[in-house]
Amino acid sequence: MSNINRRDFLKVLGWSSVAVAVAGCGKTSVESGVETVMSYSQPEDFLVPSIGVYYASTCTQCEANCGVTGRVREGRILKLEGNPESAINLGRLCGLGQAAVQHHYNPDRLKEPLLRQGGGLQPTTWENATALLAEKTGDLKGEQFAFLSGGLSGHLKVLVQNYVDSLGSKNLYFYEALTPAVNQSVSQKLYGTATPRFHLDKAQLIVSFGADFLDTWVSPVHFASQYTQFRKATIDKKRGTLVQIEPRMTLTGANADRWIPIIPGTEGVLALGLVNALLKGGIGVKSLPASVVSAVRAYDKERVNKEAGVSGEVFDKLVALLSERSPSLVLSGLSAEGHAHGAQNAAAIMLLNVVLGNVGKTIDAPTRLPFPQLAAEEGNSVALKRFNDSLAGDKFKVVFIYNANPVYTAPAFMKLRDNLKKSEFKVVFTHYLDETAQEADLVLPLDSALEDWGTHVAAYQPDSIELTMQQPLMEKLYPSGTRSLGDVMLDQLKHRRANEYKDFADYYAYLKSALTRNKGAFSGVSADDETFWNQALMHGVLKVKGQEQSISANVVNLDIAQPAPIGDDQYPFHLVPTVRSGFRDGRHANLPWLQETPDSLTTMVWDSWVEIHPKTAERMGIKEGDILEIASKNGSIKTQAYLFPGVQPDSVAIPLGQGHEAMGRYAKDVGVNPFKLLDPVFDKSTGELAMHATRVKVSRTGASVRVVKEEGWSPIVVNTQQGRKLVSTIAVDKANFSKEV
Amino acid sequence: MSTTYMLRDWTKLRETHPQPSPAGGHAEYKWAMAINLDVCTGCNACSVACYAENNLPVVGKEKYAHGQSMHWMRIERYWNEEDVETPHQGAQFLPMMCQQCEAAPCETVCPVGATNHTPDGLNSQVYNRCVGSRYCSANCPYKVRYFNWYDYPEQEMAWPDPLPMQLNPDLTVRSKGVMEKCTFCVQRLTAAKNTARNEGRTVKDGEVTTACAQACPTQAITFGNMVDPYSQVSEKWRHQQVELHKDVQDKDKSGDSGLRGYRVFEELRSYPSVMYLERVRDTKA
Amino acid sequence: MSTVRILGLFNDFDAASAAILEVREADIPGLNFDDVTIKSPIEHPDVEAVLGDRPVPVQKYTLIGSILGGTLSFFLISSAQGNFFQQLKGGKPIIPLPPNFVLTYEMLILGGVYITVLGFLIAAGLPARVKSSIYTSMISEDQIGVLVKGSAHSIEEVKKIFQKHSVLDIQEEVVA
Amino acid sequence: MNHLNKEKDIREDIAWAQINKDVLRSLEKPRPVYWVLFGLALSMFLVGVGCEIYQYQTGMGVANMNNPHMWGLYIATFIFWIGMSHSGTLLSAILHLMHADWRKPIYRFAEAMTTFSLMTAGLFVMVHLGRLWQFYYALPYPNERWTWPNFQSPLLWDAMAIFTYLTSSIIFLYIGAIPDFAICRDNAKGWRKNFYTILALGWMGTDRQWRNFRITYLTVACFLIPLAVSVHSIVASDFAMSQQPGWHVTSFPPYFVAGALYSGCAAIITLFIVLRYTFRFEEYMTMPILDKVARLTFAIAMVWTYLNLIEFASVWYGHDSYSKDLLIQKATGPYAPFWWTMIVCGSIVPFALAIKKFRSSLTIMFIVSLLLNLGMWLERWMIVAPTYSHGYYPWTWDHFQWPSFVQWGMVFGSFGWFGMLFMIFTKLVPSVSMYEVKEMVYHRTLANKESREA
């Protein structure tokens, strides 16, 4: 039971109501929890009807943790906008972030705990639920308990960690289906830091191997704002040039000056080819040990052409660019890393930065975070594999799952759904009755991100470390039905470690004291606890005093060896599972705005599709809208064809995130789920699931539909401007930037 | 009485817009935009922001398939004519919304005068007055007007409870049978103007902006008042030598100036209030 | 003395006109020739030849009607536009002339037609009430009726003339 | 009078009483086929009503219009019916001024056609509106807000013009029928007696009445001709005044007027044959008259074809790439089948009218007239739809939009509505003008007498 002392809370914010009035948190107390809308019988003096007020909070839609401000009117959160004080997004916000309000108001949110009785999930009360949790975990051996969580940071992470420890368990898994885990491990090896800081704005040239930094990679909104500077031509800087190399055009690729399609998995070959060529051109020779220099000799233009399918002319242009433009920045992204030799690919690509001497110029080290226990756990798919294997081995009696939907995201070959059945008591903390929740024995509905308290430390810190505050932007919609995970954890911890936690009335009190106690660690804050706390909530951002680090490259024992390409006659196509900025791993597929927003590249809505190159399609006699069967060794799906020039001719691409069997009216039975197709291929060095290593075959089913897309419906296969001057393009050397402001 | 107006103000009643001045002859405000296509990445953040700000209904797959979508702000994606087979130069994105034309083709044809030219240089749409003849959309060269084909609040897709709690109370939810379109977030403009008037001044540059401009992660959209010569948008127009009241810009007559400013379908003499800056590509790459 | 009115029915127009001409020549006292009217199933343009010219005022109405319609509509429309400052149309003046001329043209015709018809009803004395005693359906079929009004004895004269011209039938009524 | 064919438009020796008898009979007992036709029309109309109710309740979406396909069959069919209306004026007014007396037996129902097709057209404006319940916003009525409709909008001109045209032609029709109402009055019994007594306004055929009648009829006729021309020119401006490729065409007004007369004449032929059979009017609606109408139709068809070619040529050799693009689309794109059917029906089929043998066969004439009307309907559709599917803005091109059953249902229903009104009319008003047929006969007898004397 969340016992925020409402009076204090109001007083606190009333104090600073000039900046943040408190329309969101109504007069009615949480305990009674009858009303969700402010009563005007005795309005607070700072509350002016029809005037919207803004609260600072943190966006939890993706791992970037942008700062947001919520516009609140008459006790309702209406709209999320970027928080200008956050160095991450500088007052900007992507579509996904803005759609968070639809998670909050989603018609399919769970409104009460569900308990499995007689096969079905029946409504129950939180009292029973929490009692049940205590009971089931009461005399449980540590190794029989597992907690599978999505990416997590801040104090919630601490609470979860402590809870798992309190059970004497080591089985806390942080699982995310889409993370740059490979990238980070290689960065760790090469730069000595997993998350180096990139300065796109300083670069003259960016060569990105499938890093979709404008849309889905690491911290898109931040990179977008850097991209603006990167593109801007000023007196002391030319307009930056972007080259994107990937099997399927991402949004970043769509904005590149040069987009180079490449056969999946051969990115490393190209990278080494470039290294080789640059060394020949006398660039960066000193930066590399002889071993490496000799190792890359084998990679010449011909081999690149043969294996990667990149023409010599394109290759030469690229070499020329790399040698002329400095400083530059080379990035490695998912499509390069999602292979059995993903780590080698990443290494080979990052090696370019070393050769070009970008390390320290456009790449440098992040500030060190003084309290590692708050640092972000981004999660990875190794965690899922371990979790699943242990399940298969029937190791876990009790399983907690939070902020993850493994039944949906796990590849078919893992048989996770069946393995999950083996555990006796499965508890799922969630907002919706999703695929995983359907398998659970106890489903505990959580507060929405806009109702909950929290602190976050983003994994990627563009500037000095910032700890961002998350606070309720309005009264709970279902006060008696939903709870904060923080409260649940605290509640459980009180059973197990009463003496440590008895002082904290609830999660809110815990956060407040935890922060105020350590306020010394933050820069530019006032001495007084209350004022400090107000300011923290007002600004939503706390700058952490952290110690700067320097970066240096260490290329010895860096594994860059590239395997020989393996053909597969039975499964001729490479499967490229593409990430949609709106859906990510599918956890946002139930947001109507995002379903209705056309995919940027294909302009498709409300469905899945398979992207196939027009030439290939012509060869196979495939037309737009034909229903194709895409079969891998581990499964097959049927979906509509979309003829897409932005995909490498030997590859087919299917967007991730659709094909839910549950999760509410907007997500259910929309499209297909390519996760199920994935082959059991893992990155050798990190053990990450190799998402881009799956081979498939494509066959026509004979059926055909009219695709639902935004671009015009006409027989034209590839939509152009038809000679109209709609989007006009000018060559950079023709453009006159001198007059621009 | 009307007759006295007519006799008294005859000459005034014979004036036409746009007049040859930077702000097209508007006295206090002339809202306009400049959109830099070189940094527009086509991420759709603006579009979602528009849904959130302007109570746009989600129509669902079946109606979308019938071309009945309601996005005031749409991102268009074109491929380069030269290399349709492999788009080496990437895609071409164009955020297209109502261009708030100075001489809007939609205005003159509306039989009931439901869409008009406001003193702020906006192209207003009066929902209450609209009878749904759809002539405006028929005559719109940009096809940026959206018609309420259904009673969307009643549609199962749009706003099932509790989604209606998100609706912006500053503007209506449009009913069946009326035309609607981008308003440059007129509810925000009105609020800002009122505040300014109470303080006896005009709206300062940057004091108010549209939802799309505010959200845009790359700050591709600049919005402001053209009457204020020092507003960002005025400066952009001025520096790009794009003049509101011309259908052919002088810089274009005198060959390629290298200036990127242009307006879509300028030659149709609708005098749009949205200037685009050409997308740039590095030919060496 | 009493005034009488008779209606003589003739088989065809020639007979009727001959009879009328003779009545005219005879110049019978107590009989005003202007009271002689013809009732016919179809229009006989040459009726003037026998009855002499009689006034047709319809076109005066037409003139007035169309002038009124035109000028009024232009004036009213323009003044209605006079308070269109809030309904300004970009690129056009608030009072645009070409559209107003189009509408003026239409209203000119409208006024013209309406008032003309009004004029017709007035001039033709319609609607009227049919005096069945002195009217016969044969007229609307194929016979020509000649209606004469006059003093009792002058009517006797007329009757004679009618008989001479082989009248088919004569109806008679006494008007006070 | 036509010297080419010896056959007479009408027999002189036909007794006037007989004329009354024949025509009046049509008001009492027509062939049973009349009731069949009436029932058919009524049921068609009910289909249309059903569709409208559905659309009114659910929203225009059910018509399967979209952005860019903002207008559908409604506007196309609206123009079609407006066009239809011109035939009546042509026969009753233009030919009246030309003293072409062969028009006399057939102008009455042509005039009725004008009135009813205008009413039908009016309906389409209504069903087309997204907010039918607010249609009165488009009327210039004084109100406390001092708001008026937008007098610049061609749609408003339409409203005004159609109102003028409709009322004027109703008046024209009525005035012209007064003497016949008198005849009915004199011969009718029971409720009809009172009914026609009121309608006849106490007409007694006095010389004074005839005199004013002639002048009035002439004057109104003179007004109707420029009016008819202006009406369809204004309908044309709905498109010509817009900016869209394929619509922004200077030659549209005359083109539309020609098309209007064309479809009108075709419709007259159709109805001529139907009435001739249904009401046993062989005596009055004679083959020579049909022959004349047919040849008139042929002439107009050629004018229309010519204007059509003019338009294509001016687009083809003009600098407007968008319009040219569209023209090519029409001929090759998704609408090609309809477009070519229109060309064939509108410009090739009429040559059948040039052949005497065909002209003298009722069956062939009937089929041809229907084909011509199909062609003219398609013409209107081919003006409206392709511009939407392939306009200025490639992003919104939609080549696959197809009108839903609701639209088709209402088009279908409109023919029912028209037919129903027409059937009722023929039952209440003599569809052949008796007094004018008598005049016709009379003047011919005179003429013959003179020629005999000479």
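Per-chain residue numbering starts at 1, and chain names A, B, C and D are given in the order in which the chains are listed.
The rule we apply is simple: a residue touches a chain if its C-beta (ideal position, glycine included) is under 8 Å from a C-beta of that chain, and two chains touch if they have at least 3 such contacts.
None of these values were measured; they are calculated from a predicted model.
Hey, what chains does chain B share as contacts with chain D?
A, C
Starting from the mean Cα coordinates of chain C and chain D, work out the distance between those two points in Å.
Whole-Å distance between the two chain centres: 31.
Can you check how far apart chain A and chain C are, centre to centre, with Cα atoms defining each centre and the answer in Å?
91
Let me have the rounded angstrom distance from the C-alpha centre of chain B over to the C-alpha centre of chain C, please.
Centre separation, chain B to chain C: 63 Å.
Could you tell me which residues belong to chain B and also touch two or more other chains?
In chain B, residues 2, 67, 69, 74, 76, 78, 108, 113, 265, 270 touch at least two other chains, as defined above.
Multi-chain contacts only, two chains or more: what residues does chain C have there?
Correct list: 80-81, 83-84, 87, 89, 92.
Mind pulling the chain D residues that touch 2 or more other chains?
Answer for chain D, listing residues that touch two or more other chains: 146-148, 150, 152, 392-396, 398, 401.
State which pairs of chains touch, listing all of them.
Pairwise, the chains that meet the contact rule are A-B, A-D, B-C, B-D, C-D.
Using the touch definition up top, name the residues of chain D that touch chain A in the complex.
The touching residues are 321, 325, 390, 392-401.
Help me check something: in the complex, which residues belonging to chain A touch chain D?
706, 711-715, 719-724, 726
So in the complex, the part of chain B that touches chain A is made up of which residues?
Those in contact with chain A are residues 37-39, 41-45, 47-49, 51-53, 58-61, 64-65, 67, 69, 71, 74-81, 84-94, 157, 160-163, 165-169, 211, 214-220, 232, 235-236, 239-240, 256-260, 262, 264-265, 276-285.
Report the residues of chain A in contact with chain B in the complex, numbered from low to high.
36, 50, 73-74, 76-82, 89, 91-95, 98-99, 101-102, 105-107, 214-215, 220-221, 224-225, 227-228, 231-232, 239, 241, 243-244, 249, 251-261, 317, 320-321, 477, 581, 592-598, 600-601, 603, 605-607, 614-615, 645-646, 665, 670, 706, 708, 710-711, 713, 717-721, 723-736, 739-741
Tell me, which parts of chain D touch chain C in their complex?
So the residues of chain D touching chain C come out as 15-17, 20, 140, 146-148, 150-152, 157, 160-161, 163-164, 167-168, 171-172, 175, 178-179, 182-183, 185-187, 197, 201-216, 219-220, 223-224, 226-227, 230, 234, 435-436, 438-439, 442.
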